[in-house]
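Across the two complexes that follow, chain A remains constant while its partner is chain B and subsequently chain C.
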Partner chain A sequence: MPSYALLGQSALSGVFIGALYGLLGLGLTLSWGMLRQINLAHFALVFLGAYLTYQLGAAGMDPLVTLALIAPAFFLFGAALHLLLARFKVNALNTLLVTFGFMVMLESLIQWIWSADFRRLESHYGDVKWKVGELFVPLPELLTLALACGLALAVWAALRFTDLGKAMRATAEDAPIAAAFGVNEKLLSLLLSGLCAAFAAVAGMCLALSHTLAPSQIYAWIGVVFAVVMIGGLGNPLGPLVAGVVIGVSEGLTMAVTAPVWAPLVSFSLLIAALLLRPEKF
Partner chain B sequence: MRFIWRAAALAAMTALLWSAHAQQPVRIGSTLALTGPLGSAGNIQKVAIEVYIDDLNSRGGLLGRKVEWVLKDDQSRPDLARTLYEQLATVDKVDLLMGPYGTASILSAMGVAQRYGKILIHNSFGTPRLAKYDMQFSASGGAGDPENVWPNLVFDAVATAPKPPKTVAIVTTKFPSAHSIALGAREVAKKRGLTEVLFLEYEFGNRDFGAIAARVKDAKPDFVFAGALGLDGVLLLDAMKKIDYQPPMHFYTFPAPGPMLKLPEAKNALALTTFEEHPPHTGNPQATQFIQGFRERAAKASLPSTSVDLLSTIAYASWQVLEAAVSGARSLDDKALAQWLRQSQVDTVMGRLSWQGTPEGPPNFVMGKDIYKVKQLQDGKWLVVWPKEFAAPGAKLIGP
Partner chain C sequence: MRFVAAAIVLGAVPFLGLPAFYESFLYLVFHWVVLATSWNILSGYSGYFSFGHAAFFGIGVYTTAVLAGKLDWPFLWTLPFAAAVPALVGVALGAIIFRVRALRGELFALLTLAVTFVVSTLVLNTPVDGGPGVMLSAVSIPKLAPTVSGTFYLLSLVLALATVAIAYAVYHSRFGTGLFAIHDDEAVAEVMGVPTYRFKLAAFALSCALAGVAGGIYGVFVSYVTVGETFSGFVALYVILMAALGGTRHWLGPALGAAALTTLLYVFTTSDYAVAGRAAMGLIFILVILFLPQGLLGRFAHRKALPRRNAPIPSAAPAAKNMESILVVRDLSKAFKGVQALSHVELEVRRGEILGLVGPNGSGKSTLINLVSGHYPVDGGSIRFEGRELVGEAPHRIARAGIARTYQIPRPFPHLTVLENVALPPMFGQVVMDRAAAEAEAWRWLEFTGLAGKALLQPQHLNLHQRKFLELARALASRPKLLFLDEVLSGLTPSEMNEAIRLIRAIRDQGATIVFVEHVMRAVMELTDRVVVLTYGKNIAAGAPGDVMRDPQVITAYLGAAHA
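Here is the complex of A and B:
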């Protein structure tokens, strides 16, 4: 029988990795659910953000401060990408193909600049951890959890309680009708697309804080984050975080009590269950 | 008179053609994993081979002809490696083939080499029992039964610690080569009377090592044997650090050398190697030249680590084997080269290699012994600590 400390630490580790899944899925769910764009380039943007954090961090900048530079730049990139997709009226399925192309191009760019070798951000955050009872709480993971919760709640509240958010939801529901009520659909879509890319910058910073980077690792996250986004519900900002934590904790506990090799089955079993039980959400 | 003129013209033409042929480079084709999950290893090997080819061409090349390396990127994909080797054999029509990086891609290339009757010298084939082709030759320095030889080597090494381990936790990726070695470690540990307190397998590409680290900590082993490749060891150590755990002794099969060096918690980590940048390995001019050339090129290629170690050395040695075979057989004929290698020994930068196989083992593999060593990360440097005769001057295995 595993000890309580082992189970607790494994569950906590699951919460932290789940928060990262949620953060990675936040931009993806918004662009998929509200803009009808299945943006695979989002994963490459996350890694580009991580590499830029690494580069600026190596130059002496605090990783959190790097967001002041990277997030606005990514916002512009996201808006430009949306302009391009809108200009050529790319439908949802084709966005998958087009953005896959962008993902490969961004991966090549990352590899060209930073090589295929592993890169690791050395920061003072990595050395800080606290002991709470029997459990250890590392600062980079805690930051990721805080940012994931903060951003998901902020976006949820903005969409629910502000005029801008209501207009965005109306546009996602029925763009022509929303436009008839005076909603500037094009501007809102640009804004949302930019925000999704900026969220990728935040996820990238968190990734750089807690993980060693390699360009090929972009692909390692796609499966589980897609599962998180689909289980969480498309366009629902809180969904990926909740689904991410559920999957992370399930994986963590699976690894604690059985062979770790079973853990990846958990996320996809949950996805299949969600697809079977809530087909109307997809 | 007319006859004499015609004969002279024919002779001149023949001489010109012969001279033109002699001027044509020997084209040697291979792929490497320059991108994809094995990209970091592939890029290290590319630099090492470029150093070797530069040196080879400065010495006149092979049989008096310069060498041209036709390199393609297999993106760490065995299926693509197969296609590219087909291209090398049929479209590029290279004179010779050399192996790619990684077990699965080598297996793909081996099938193509067999189809076209080409010799294949490779350097990173982790599951020799799968090699059935009699014109494949490993230049990795490994035995035909690494699942037996390497765990024994590692357990011999840790037995020299001030307090030899009595319990072991074996944690391994399911990646085939590392996995079979970890399974071998289970058997070897059992035979040696060590108690296995934990055995865990995880999928290759696992992202979260938190729970695995917690289980290792919970099991309280004296020694952690990690069947870990590339980044796995770094991720596991990271996860252990986060729960304030440092294993008393820890081994990683083939870790990414650069990131491990920079990780304070990797202190005293053990790993396998064939060559490190210290005596007695550096005691010959060729090693010195290799180290210098590699450092320069690796810096230009922006590799995170410019030190020569296992990955670069096996790549360099595989081309040394090729050169020795061509020079020894005085031919580029694949069968002649294979025949020469089966009967010969080659002194490489990492030691003497031979291919006198046994009926019970895979073709051209020596069983039961090899040239591998155990290295340990001490004061930010990888130092060989076992066997004693290859240990860095004054270095001993540090343990609890």
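Here is the complex of A and C:
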């Protein structure tokens, strides 16, 4: 049995990685739940964001400042992708296939520019680390957690309390009816799609701060993040964060108690369990 | 014949003394033909897109790798196991995930994607592989042809021909028709008698087994297998792309797509632009889904109907009306999240009668039909049909017992022709018919409902009146003992209505018992022998049509208390 300090550290890093899962899942759950688009390209966008952060960071720019450039650019990409999918009236399953194509193209682009080698962002954030009791708290991870909580809460509040959010929820429920009541359904969908892509930029920055990057890593995130999105409930902005932390902590403890190689099994087992125990949620 | 000739010509290739390059290249083509075609048997036909084909292919690879590479079994003996192990894993997985009622296509796709990660994790971290990969260069290759590459060529040729032949047979069979119906509307398919759960499992097992054999051969062909290569995400990408390009609704589509893309890929990977090649694949993928969603063969080749065989409409004697009950519903209740749709409803249907089931909107008439046909699970009560309890039975077994229904809003299978729509229920009815007999039966009912001229069109080309009659023809073709008609007259013009009333009389005269749910009172008074009235999910009256319509409670329910 590992020591309490090790277990505590594992649980804490589980919370941090869970926050990153949640941040990656935020854009996905919104576009799947509200726009009926399952966006695999989201993963490649996150990595593109991470690589751009790395590149600008290498040029001396503060990672947080790079967001001011990357997020608006990604917003435009997301809106353009939505225009394409809406123009061809692509159904949910086919959005999965089309965005799969985009993911492969973006991955090739990344590999072409930055090669298949591992890259690591060197920033002043990376060196900051606090010791709380027996636990180490690194700044990049703490930043990720703060951003994940802040964004998820902000989206939840916006959807719940603002007129724009209510109109968006109405559109998600039944777009033609919402349009008949005067909601500009097309504009709202564009806005939402752009926002989801901008969230990918934020997730990408966090990824660059805390992880080593390689193009092939794109695929490693798909399984666990989709599990997080599905367990969290489609379209629920708080869902991925909560489910992400649950899965992250379970993975962390699994790694501490058994061996790191078994961590990928955790999310899948939790998903299957959720499917079997609460099928009505899906 | 052409098929056999092609097989003989292709089989002769290794004996011509061509350079080994050609055999190896064609080996790869056949390899991808098998993977794409086997993927299509589940995913293209039934619409459950699997992103996990690499997992089952990989299990096949490692089955042979362990048996031949580590336990020194003869190579060919390992292949049946390379088929069986993935099939078993597929069935075990399917038995869990197909049980989830609300499992949609997207969810299945992502779950199968996750399976790839899980399987590769397991293989990598257990003695199956353990990390360094498995060397297979010591495995002895049986000498089927003058050269080793010729042997692999022949093995993969045989497997490819067998796979395409299986895809062809399934495509034209009752099994395939069931899978296509699942693709279009699984709930309706089940109510029409298709055992959807078993069919999905069978298709999944077949698909996994064929991919597994391809994997078993591939492992020895490359002679050194690693987890990274075997379970790469590109296997899933390529098979879907190949099938989508060629056409997922055609037996030959995936094979055509596989041949085209393997050639393309080969050109790219042997050139200096491998990364650009991958990007190009991504672009082709996008363009195909956007501009050619049905694929090449889906666009230009359609499933042919068998030659028309006319059979006269049977002149069965009308069932003698008697007091024997064919259906007895007792104390039936159903609630939807607190809304009590039916509470303690009683219903008795006598053999040979037309029973009118009326009531205001929301009174629970359609819910009653949905419960009897098994569409929704029952909360409490009993439904006995010819003495047999139906509560808890799967919908397809209820259909097979002899109960059919129409849908108030017609729900034809959109990608099947009118003829195929009507031929489906007889294939899965009380007497199981093969496709030819079922189509002959279907022609008869299309004639009966006046739709024979539209037989080879898809339902989207029909107007509402024709769609309603298509619902009728489809329900009749299964020769039900008990038929539920759910508002077949709503939305029809007066003259169309007269035609429909004549038709319903004719149906009864064929010997069916009918439960007639309708708001058009003229038709209810004209057609029915007895009437049962529901309101707010409860029985309020039953009896002869004239008497029931004068019942003050019934008048109150329809018109309000002041008129009673």
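Worth a mention:
We adopt the following convention: the second predicted complex is superposed on the first by the 282 of 282 C-alpha atoms of A that agree within 3 Å, B and C clash if a C-alpha of one lies under 4 Å from a C-alpha of the other, contacts with A are read in each partner's own complex, and residues count from 1 in each chain.
The working rule: a residue touches a chain if its C-beta (ideal position, glycine included) is under 8 Å from a C-beta of that chain, and two chains touch if they have at least 3 such contacts.
Computed from a predicted model, the values in this text were never measured in an experiment.
On the superposed chain A, the positions of chain B and chain C overlap enough to count as a clash. By the touch criterion stated above, A:119 is placed in contact with chain B alone, chain C being left untouched.
Once the two complexes are overlaid on the shared chain, A:111 sits against chain B and chain C alike. Judged by the touch definition given at the top, the superposed model places A:58 against neither chain B nor chain C. In the overlay built on the shared chain, the residue A:93 is in contact with chain C alone; chain B does not reach it.
By the touch criterion stated above, A:273 is placed in contact with neither chain B nor chain C.
Of the two partner chains, chain B is the only one that A:14 touches; chain C does not reach it. Of the two partner chains, chain B is the only one touched by A:221; chain C is not.
By the touch criterion defined above, A:230 lies against chain C but remains apart from chain B after alignment on the C-alpha atoms of chain A. Once chain A of one complex is fitted onto chain A of the other, the partner contacts of A:187 are absent, as it touches neither chain B nor chain C. For the contact definition in use here, the residues of chain A common to its chain B contact set and its chain C contact set are 108, 111, 259, 261, 264.
Residues 34-37, 39-40, 42-44, 76, 174, 200-203, 205-208, 210-212, 214-215, 217-218, 230-231, 234-235, 238-239, 242-244, 256, 258-259, 262-263, 301-304 of chain B touch chain A in their complex. Within the complex, the chain A residues that touch chain B are 2-3, 5-6, 9-10, 12-14, 16-17, 108, 111, 114-120, 122, 129, 131, 136, 138, 141, 210-212, 214-217, 220-221, 224, 248, 251-256, 259-261, 263-264.
By the touch criterion stated above, chain C contacts chain A in their complex at residues 49, 96-97, 99-107, 109-111, 113-118, 121-122, 124-125, 233, 237, 240, 244, 275-276, 278-279, 281-286, 289-290, 293. In the complex of the two chains, the chain A residues touching chain C come out as 32, 38, 84, 88, 90, 92-94, 96-98, 100-105, 107-109, 111-112, 219, 222-223, 226-227, 230, 259, 261-262, 264-265, 267-268, 271-272, 275-276, 279-280, 282.
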